[in-house]
Amino acid sequence: MIVRGWQDHAEGSALIEFGRTRVLCAASVTEGVPRWRKGSGLGWVTAEYSMLPRATNTRNDRESVRGRIGGRTHEISRLIGRSLRACIDLKTLGENTIAIDCDVLVADGGTRTASITGAYVALSDACGWLGRPDALIRSVAAVSVGVVGGQPVLDLAYDEDAGADTDMNVVCTGDGGFVEVQGTAEGVPFDRVMLDRLLDLAVGGCAQLTEIQRVALEGPRPVPSGGARSAAGSSAR
Amino acid sequence: MIVRGWQDHAEGSALIEFGRTRVLCAASVTEGVPRWRKGSGLGWVTAEYSMLPRATNTRNDRESVRGRIGGRTHEISRLIGRSLRACIDLKTLGENTIAIDCDVLVADGGTRTASITGAYVALSDACGWLGRPDALIRSVAAVSVGVVGGQPVLDLAYDEDAGADTDMNVVCTGDGGFVEVQGTAEGVPFDRVMLDRLLDLAVGGCAQLTEIQRVALEGPRPVPSGGARSAAGSSAR
Amino acid sequence: MIVRGWQDHAEGSALIEFGRTRVLCAASVTEGVPRWRKGSGLGWVTAEYSMLPRATNTRNDRESVRGRIGGRTHEISRLIGRSLRACIDLKTLGENTIAIDCDVLVADGGTRTASITGAYVALSDACGWLGRPDALIRSVAAVSVGVVGGQPVLDLAYDEDAGADTDMNVVCTGDGGFVEVQGTAEGVPFDRVMLDRLLDLAVGGCAQLTEIQRVALEGPRPVPSGGARSAAGSSAR
Amino acid sequence: MIVRGWQDHAEGSALIEFGRTRVLCAASVTEGVPRWRKGSGLGWVTAEYSMLPRATNTRNDRESVRGRIGGRTHEISRLIGRSLRACIDLKTLGENTIAIDCDVLVADGGTRTASITGAYVALSDACGWLGRPDALIRSVAAVSVGVVGGQPVLDLAYDEDAGADTDMNVVCTGDGGFVEVQGTAEGVPFDRVMLDRLLDLAVGGCAQLTEIQRVALEGPRPVPSGGARSAAGSSAR
Amino acid sequence: MIVRGWQDHAEGSALIEFGRTRVLCAASVTEGVPRWRKGSGLGWVTAEYSMLPRATNTRNDRESVRGRIGGRTHEISRLIGRSLRACIDLKTLGENTIAIDCDVLVADGGTRTASITGAYVALSDACGWLGRPDALIRSVAAVSVGVVGGQPVLDLAYDEDAGADTDMNVVCTGDGGFVEVQGTAEGVPFDRVMLDRLLDLAVGGCAQLTEIQRVALEGPRPVPSGGARSAAGSSAR
Amino acid sequence: MIVRGWQDHAEGSALIEFGRTRVLCAASVTEGVPRWRKGSGLGWVTAEYSMLPRATNTRNDRESVRGRIGGRTHEISRLIGRSLRACIDLKTLGENTIAIDCDVLVADGGTRTASITGAYVALSDACGWLGRPDALIRSVAAVSVGVVGGQPVLDLAYDEDAGADTDMNVVCTGDGGFVEVQGTAEGVPFDRVMLDRLLDLAVGGCAQLTEIQRVALEGPRPVPSGGARSAAGSSAR
């Protein structure tokens, strides 16, 4: 389930729920790009992923309190960023930056793939808000697949996830191309046959999510409460 | 509006909404206390406050990314912790720790007082989960009052807040005692007469919130999804 | 007791001693303001508080060694900054910054209120040095009051402080207005009657400190040893 | 080219050179395991990847100087650790930890896959040193493949790497199983046919590296200079 | 000039003033030693050096605020620690730790050598407080010498210091032995003849400081205000 | 033994081996100088020293992982920087910066002096690459000397080093002047006679190293692989 416009101030936002997993995705537009990009005429899309301390079954210390971002957080943030950049024609975006924030409120497996799938909806609305819907050249959705007890399984919940032999995250475009394939053998290596079965399963799952995204994006774009104050937006609308 | 049990895994949780402000409060129980408390027979209650990057009208950098917690966050976390400890008889709590997390999802003024008011509901459920309802010896609720255009005003929204001459946060117990009074003259100092009027207003506001908390806590306590796995709980129930 | 000009190089400085507490306060003037203030025509006053490791009865680790500033330090620094800004007309100050440093050399209770009271003297001399005495529009002084054994008490020494039921810091202007009122019930909540008695006591205490400040500021302003090299000063004098 | 025993003190070490890329890999054995593993009877393998500041064409700041590890470093360190753990039967290893260090001395593309391939040789010698050669249950080797100008290419040098449409890192076992498949479309998404061609190429490349590792590991194991002092080793030999 | 017992709570303390330089030195005794020393029967002496932000002519940012200790601070702290350890028989000290803190309140050149000279007095009193005066086997004092305009000069004030061709810090024992010789050519290298002249000058300067220390340590040891609460002391006295 | 040009991309680089110690030195040229130097017409030389985790007999944690640079690293980096700056006429260098990196690959005593000696070779080549050989006005080399069993000893290996009574690092110019003399009594203070004997030994050792450097720098300068892309170089050649 995807609720559009949940985070009132953001140029685009979505609360995505799958199983008990709940991720709040926001897309923030700012005029300009990072320094190393200035003058290129190209825009930029970046992403940050985080979990609330009590999103999980036992409380995790905040990374802000520990004073450093962990490896897992870094890795997922980079994956989300790469995946979402695949949706955008950076030239059409122009020298604007869209920052994606994915905050896991409740976690029950598949938080990184739910983040990508929800963030696409937020990103789409942000492009609309900016008056550049054409910058959005394709959709992306992501699923988690794995091998549990020797069988390929779609959409791993946490308990299955922890016990899976192989864990694979696949990011597909709306028309079935691959943006990212990340498969890891947790214990026993996997062979080519299993790899193929997992890919089949993932492609099917992504197609379903693409449809759910399409439905969520029907109807008018929610108007952010503070939108009128944004410099980038005021010139674009 | 207070929704109990929103964060599935926590021993106590509440989503509190006032105006457009939305704060997710969780209370996490762990057996044992910090080292400096061990063997005292007393429990401990601690709190952390944070904002999602896009809770606000313009995006704020994450404190985890900056690598340090800001002064404002520290100050509010400490205020919440002190206020909630006033609710608890630490001897009856026994050597258990309750960690309060208040994460602002959408901000529109009054986030620290909404955090305290919501956290009380989460704390109450955590005491119930732990099988120690008697550890909860009083309720607390908090409001923000201020002087706008020379007049005392209850429940400052962000726009008023930013323009207020004086900003005061008051934490009261359910029976009208004071736990915390923090008044700051932003520009012009205030006199004793105005201070008295602000305190009257705050006491009335807290009484209303106490009633809202009471209603929210009617009905059965939500059962956390992962509760059965908690060591402290399993022995206590 | 307040000794003016103790820290040789500073544009304003004061060593304040109350009981065994000794705080060294410095006010440093620099031309210009932080970036977010540029072009506003307004000045800025900021403050930092710290304790030497062996100011206290047992040694505390340095915050520089731990690599982060603690919550208490942040909170007190912010309080000092807000209190001192109440003394200044930022327009008259012009685009100059005054940085207040309060370093506790020996601690025996009331270090934050001694810091504010001493810092006012340093700030006053800094305004004089800058050739803008009119920027100083009022004086501030601060005391700590509390409830010990059910009785309101002024000027808590450390031993009383640790055992107090309620601890309240009050910052008053020289003409009796309130700049900051921060009262915390450490254990039992306090009622309106006690709050009023504490405020009476605090107002009287601040009036005495205002007189001590006035006396300390009689006589010529000490000339800082390196003052002539300061850019802001050279143009102002 | 793989030179065994290059780092004198390590229980296992290898300098691996491919093209102009040079990575120094060390495997350090310590008795005991991290706290969360104690009493499990299982060992642990961990890895850290880093680059010398001038391994690259322009100098990069040290992560120690910046005070934090970047996302890319974290991601690669985690990949190396997962890949090497796939070689080890942690039960046979017993409660010992092997820390893998991969330091890139000169970089010209493919540093992460060279790290994995070289680290296997160091790990193998460390198992021998520890007197537990049976803990090594399979070999791993890794290659980078990609799509350049529409054609699949093995072993991307830096210049090709930067211009590739798709970049894929594949970690295979010596008998052709997959441990890790990480494919990323840098620009245009890739289809299933291309994915299959890339996998074919990678499997072939890994087979060649497996042979190079086998040859390097012929001949007697170099004796580390300080080996006799290691507690874990002295009991095991 | 050396004032003993300035910092009320410390087991040993001294305020040392030379020219306009003022350094507050404290010696803090704690029972026990760092983990790597436990069971050795030997004590430990460690030191930390710091400057107040406005000790200098222009304000320096606090290292606690920057979140890291600079190279100069580290280097001086290590020098002070090494020099003071040369005074102590660590076996006679037993498994106790003495932490030396040297905080520069006002700086006008020679702060590191003033720190060492003052810290010796604090250390001496701490050994007395601990009831182990025999642990103090020799005294140390330190001076700064340099070459200014081709001539060797003792006790460089800041202005000379900054313009010196060579800067040398020498730590001598009370009977004329060398503990540390650190000479640096700032611009032109120096020859053996000049090195000899500088050493002669330094040895003479240290002898004078040794006498000043001796006088300061005449008379009874000041009793620290909180001393009776220290665990190490209570057993030792 | 000194191998020139080992690190392919650097404007100057050298792998220096003494005993089993191996240090990789790189000199990186960038156009421009740090901000505080801009417009001065003078260049800048800076240095950073580090050790690979398994350079030593037991593995050391990475400073990047700990999140801070240790005191020893800071101290050695500063020593290398000062020593190398003594070789350069900063005016002739012009507003260019040369960053020296010394990374210890294998450590067996004397790593800081080997770093200085090797870095000189890298620095020399960097000046050549920049087209400013005249900026190099003298050579430097460094040795470690010490007192072992009452006798002065040159070139301490690690085992002697750890057991030495006195440890002295001496940096000399090619024509026998002193750049840096750092002697430390580890246990017993040393007297003037011993100091003289140590200096004699050091001067002789540095003369031998100067000859080794001279030989290494015979023959043509290696051309860095990425050199042509450097902005500073392209204009200078």
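Letters are used for the chains, namely A, B, C, D, E and F, taken in the order the chains are written, and counting of residues starts over at 1 for each.
Going forward, a residue touches a chain if its C-beta (ideal position, glycine included) is under 8 Å from a C-beta of that chain, and two chains touch if they have at least 3 such contacts.
The model shown is predicted, which means the values in this text are computed figures rather than measured ones.
Q: Shared touching chains for chain A and chain B?
A: A chain counts here if it touches both chain A and chain B, and no chain qualifies.
Q: What chains, if any, are shared contacts of chain B and chain D?
A: A
Q: Farthest chain from chain D, going by the mean of C-alpha atoms per chain?
A: C
Q: How big is the rotation, 0 to 180°, that puts the C-alpha atoms of chain B on those of chain C, in steps of 5?
A: That rotation is 180 degrees, given to the nearest 5.
Q: Can you name the chain that lies farthest from chain E, using the mean of each chain's Cα atoms as its centre?
A: Taking each chain's C-alpha mean as its centre, the farthest from chain E is A.
Q: Please report how many Å separate the Cα centroid of chain A from that of chain E, as a whole number.
A: Centre separation, chain A to chain E: 57 Å.
Q: Can you give the whole-Å distance between the Cα centres of chain D and chain E?
A: Inter-chain centre distance comes to 48 Å.
Q: Counting in whole Å, what is the centre-to-centre distance of chain C and chain E, each centre being its mean C-alpha position?
A: Roughly 31 Å separates the two chain centres.
Q: Please output the residue numbers of chain D that touch at least 2 other chains, ranges allowed.
A: 67-69 - these are the residues of chain D that touch more than one other chain.
Q: Draw the chains as dots and join the ones that touch; what shape do you get: line, ring, star, complete or other?
A: Topology of touching chains reads as a ring, each chain with two neighbours.
Q: Would you mind giving the ring's chain order, read from chain B onward, with chain C coming straight after?
A: Here the ring, read from chain B toward chain C, comes out as B, C, E, F, D, A.
Q: Taking the touch rule as given, give the residues of chain B at its contact with chain C in the complex, in rising order.
A: 68-72, 74-75, 77-78, 82, 86, 138, 168, 172-173, 176-185, 188-192, 195, 199
Q: Within the complex, which stretch of chain E touches chain C?
A: Against chain C, the touching part of chain E is residues 7-10, 13, 20, 24, 26, 28, 30, 48, 50, 52-59, 62-69, 73, 99, 101, 103, 105-108, 225-226, 229-230.
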